[in-house]
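Naming follows writing order (A, B, C and D), and every chain is counted from residue 1.
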Amino acid sequence: MRIGFIGLGNMGAGMAANLLKAGHEVTVYNRSRPKVDALVALGAAAADTVAAACTGDVVFTMLADDAAVQHVAFGDVDLAGGIVDSLAPGAVHISSSTISVALAKQLARAHADAGQLFVSAPVFGRPEAAAAAKLFVVAAGAGSTLERVAPLFDAIGQQTFTVSDHPEAANLVKLSGNFMIGSVIESLGEAMALVHKGGVDKHQYLDILTSTLFGAPVYSTYGRLIANGAFEPAGFAARLGLKDIRLVLEAGDGLEVPLPVASLLRDRFLALLASGGSELDWSALATISDRDAGIQG
Amino acid sequence: MRIGFIGLGNMGAGMAANLLKAGHEVTVYNRSRPKVDALVALGAAAADTVAAACTGDVVFTMLADDAAVQHVAFGDVDLAGGIVDSLAPGAVHISSSTISVALAKQLARAHADAGQLFVSAPVFGRPEAAAAAKLFVVAAGAGSTLERVAPLFDAIGQQTFTVSDHPEAANLVKLSGNFMIGSVIESLGEAMALVHKGGVDKHQYLDILTSTLFGAPVYSTYGRLIANGAFEPAGFAARLGLKDIRLVLEAGDGLEVPLPVASLLRDRFLALLASGGSELDWSALATISDRDAGIQG
Amino acid sequence: MRIGFIGLGNMGAGMAANLLKAGHEVTVYNRSRPKVDALVALGAAAADTVAAACTGDVVFTMLADDAAVQHVAFGDVDLAGGIVDSLAPGAVHISSSTISVALAKQLARAHADAGQLFVSAPVFGRPEAAAAAKLFVVAAGAGSTLERVAPLFDAIGQQTFTVSDHPEAANLVKLSGNFMIGSVIESLGEAMALVHKGGVDKHQYLDILTSTLFGAPVYSTYGRLIANGAFEPAGFAARLGLKDIRLVLEAGDGLEVPLPVASLLRDRFLALLASGGSELDWSALATISDRDAGIQG
Amino acid sequence: MRIGFIGLGNMGAGMAANLLKAGHEVTVYNRSRPKVDALVALGAAAADTVAAACTGDVVFTMLADDAAVQHVAFGDVDLAGGIVDSLAPGAVHISSSTISVALAKQLARAHADAGQLFVSAPVFGRPEAAAAAKLFVVAAGAGSTLERVAPLFDAIGQQTFTVSDHPEAANLVKLSGNFMIGSVIESLGEAMALVHKGGVDKHQYLDILTSTLFGAPVYSTYGRLIANGAFEPAGFAARLGLKDIRLVLEAGDGLEVPLPVASLLRDRFLALLASGGSELDWSALATISDRDAGIQG
């Protein structure tokens, strides 16, 4: 297929490379040029504008947040037209960014109005998984469209979960996944502050957890970061964690679903940011539990 | 070794049987007689009183709660003397019940005053694991005592974690483990209410979680119960969940450690009990998230 | 002075009438015409467009929410130009609506860019107080501008509090005042559920509170509504309460201030809305405490 | 009447003095002697033992906490018999201390078993109000008993509220009153952190609140302490605040009433204690809001 790919960050670069490897024609666009050159070296064509990346059958977006996606989707003075203005009728926009449910709905409407197709396909996995084509893809949209782009998901991931014919449902699943991670960080932070103050070693406590009921990557990964107190460099910065919790709360607001643990996470992230932790890894949330327990950092 | 075993519930019966299999002389005591007979059939001696179970080198207790342990430890009008009155100097009381940090401290002092030894050794695992000698033992107490009773832990479990020379530290670890389970139930309940109201199937959502970062028994076990809405018969009743959260909060209070997630769990359990859910499985906590979201049960 | 007044709801109608009584020339604009006629009968001029209400020295806005204020301020296809486009250089926009801190900042910037002046002046008080010129005005903006419009505040209120030269500070004070009311409703709801279940009459409990430390309108007003269980017709609808709590949380987010009580209020309001309580008085929040306590409504 | 009075702290001394002024024969008991001498100078008789204070028609207790009341009620090695052992059949024990619902129930049973009468009569008011006979008395117990002791309540207070024939209901009302105060402290702390960080003066903010809907002593008193940041000497120490919140939560637990604001208060008090604030005034809870918002103390 002829594919455009917009957004060559840590995740997007790997995804675009795997689409190339699978034999697709890929035209890439990125705000900063060096990332484009790396993909060109692998066989991609370079687009100088968003519009130039929208001439094929499909265009992927993999960007940082709602603002960035809105910018490329709806255009702006410094862009020669956005995706909605540029894509051919019948072509597909696949949004893999972690964006809000509300924006996914807005994009679905805008593309439908323009005779285009829209799929939400956020992914689970870290940059290494993106590079290794080992992502988990959570996809939602019209069945026929999903069928058409299924080979592309196979090219970037190890498994695709189709959750709904409403695109925004996939974003909801992605956001609630990040909420689940945040809740693990918070409860680990509280439990570790408790046992530590009771004289138990944090690493040993983690070992007991992961040896018994809690033997999952989410506990070993974040538990080790917390036990080590090693929050730099950030795998995922606290301010991004707060952003996603905000989006989860917004989704809950829209659906009238109270989310007390998410509310707690929001307040804890704000406390972390207010103490200067914006750029620390989001597992640094645990330092707030330590501080509240009077444990010296 | 000559061992007494007090408390032949679902857990204790399996543990006592495995001590017998390992070749120890075991004298068992239980409030109701039929459970005693079952062990006698496996080679145990029957004790008619707590005191009669305290004539050996070691006595285990595996009982429901603080009140039950206090009763057998300190005696009462309807018992011919408690453990503290009955045990020989130098003999060891191993407490495997899920009791409070405060009671563990009190027992440690009382046994020390009586020239006896005390070890806390709560276990992780369900009745099947107890029967199969696959428990995880979390042990704390004096190093020399732990060494002496190590073969007994090997007889009942697959692994022993020694966490401190203060017995109550093991109880803290056990309680905070139950807190971690409770926090998984709560966050799963919230996330599932959210995605369900957003049109995503709960089972599929769980499948996505356990296929990615959350592939641990705590998610598959409790997630399935929640997705199925099957809370009877209870594997662990809500009122017992509340009891353990209460003990975690008490431990936090004693150590001056705020535990906001545990506070939330307490309030949610009270709401569940107030709506008649006392005897449901503690994963029924998720029904409160559903109710708050206006989802019909 | 020559004044425009946009928004003749329960509050605005009284305020505009009092400006007339104080001898000012008032031109009024409202989406629905009958409210305009009532003011014309008192001596006001009628404006058919927003622009027509912006020809004087000052224009007041007193509207329902951010969307309504944005609409009249920045214009739209169905309006002949918004306030920013219409107001003369040096003229003043006084915003009395309960709007977000973010929108107040945006308005301040837009008016400054257009050479106009902007003051935030939200009010405390109910429609009766507005009619009786007994409002409390919380004003913020440039000192010289506030001085100039001070007689207008005297015409509508009994007291003016000047809190800052940054307009949005007045909105922050107004929003946090509504947060304080919400927190009284929530704590009254919890306490009344508790004492009621303990056999104490809710009205008598309220009487004890207001006879002792809690003798303030906020307790007598909302306490009576809760004790009576009379939530219709709404003095202030639950969905508006939620809206203001949302704005408080947004303000806290922007300033990096965690607000755990506000987070709780948000979740409780969502539970109320999810059970169909959107149009009940916001004191109906107390029904959630009752439900959680298993008290039949 | 012939009255015993046990507990001559800041509150009890004033109450006992007012009983003397009203013409009653008062025999006083206190752990430390100087306070006894002060009352003897006003005409009281001194009791050397609890029993010696229990020879009249009525005995008051006004002590610090559950432990102190249990001690004098049920006796101990260093006391020559407790109240239950000493009081004549038909005599009345009036408990004015802030104690738990559970202890009030236990006392009611014990006195009934001994053929004695029991009334709970906790009071609202500070030491100055106690000295001036301006307390508010919340009384519960059998109607005939309350009638008999009504003149004593008139001697110490300005108003008596009879809330139930179950004594513990009065304790529930007292505890929930302290919960209401705590919730005001918390919400004021959050709101003041918010407006302060938004550039508004805390004192002015408080002035706006108390001029409008919040004109009650609870706001002016605690608001001033918070705005001044003056938490020493404590009017009521944080550790006592935590104690009462603990009792409220216990009462809620017993009645199956979730109390999310009380849970939050508990966690905040623990954070305050963990940072060394145990002996500060309980309004110092607001420093936790400041700290979480990154405001320098």
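In the analysis below, contacts are C-beta pairs under 8 Å (C-beta built on N, C-alpha and C of every residue); 3 or more make two chains touch, one makes a residue touch a chain.
Chain labels with UniProt names: A, B, C, D = NAD(P)-dependent oxidoreductase.
As the structure is a computational prediction, the values presented were derived from the model and not from experiment.
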If every step must land on a chain the current one touches, say how few steps get you from subunit A to subunit C.
1
With contacts counted as defined, which of the two, A-D or C-D, has more C-beta pairs across the interface?
C-D
State the chain with the largest centre-to-centre distance from subunit C, centres being mean CA positions.
B
Subunit A and subunit D, separation of their C-alpha mean positions in angstrom:
53
Distance from the mean Cα position of subunit D to that of subunit C, given in whole angstrom
39
Residues of subunit B engaged with two or more neighbouring chains
252, 256-260, 264, 267, 270-271, 274, 292-294
Provide the residue numbers of subunit A that touch subunit D in the complex, in ascending order.
267, 270-271, 274-276, 292-294
Listed in rising order, subunit A residues that touch subunit C in their complex are 246, 249, 252-253, 256-260, 263-264, 266-268, 270-271, 273-274
Within their complex, state which residues of subunit A touch subunit B.
101, 124-125, 136, 138, 159, 161, 163-164, 166, 168-169, 172-173, 176-177, 179-181, 183-184, 186-188, 190-191, 193-195, 197-201, 204-205, 207-209, 211-219, 221, 248, 251-252, 255-262, 264, 289, 292-294
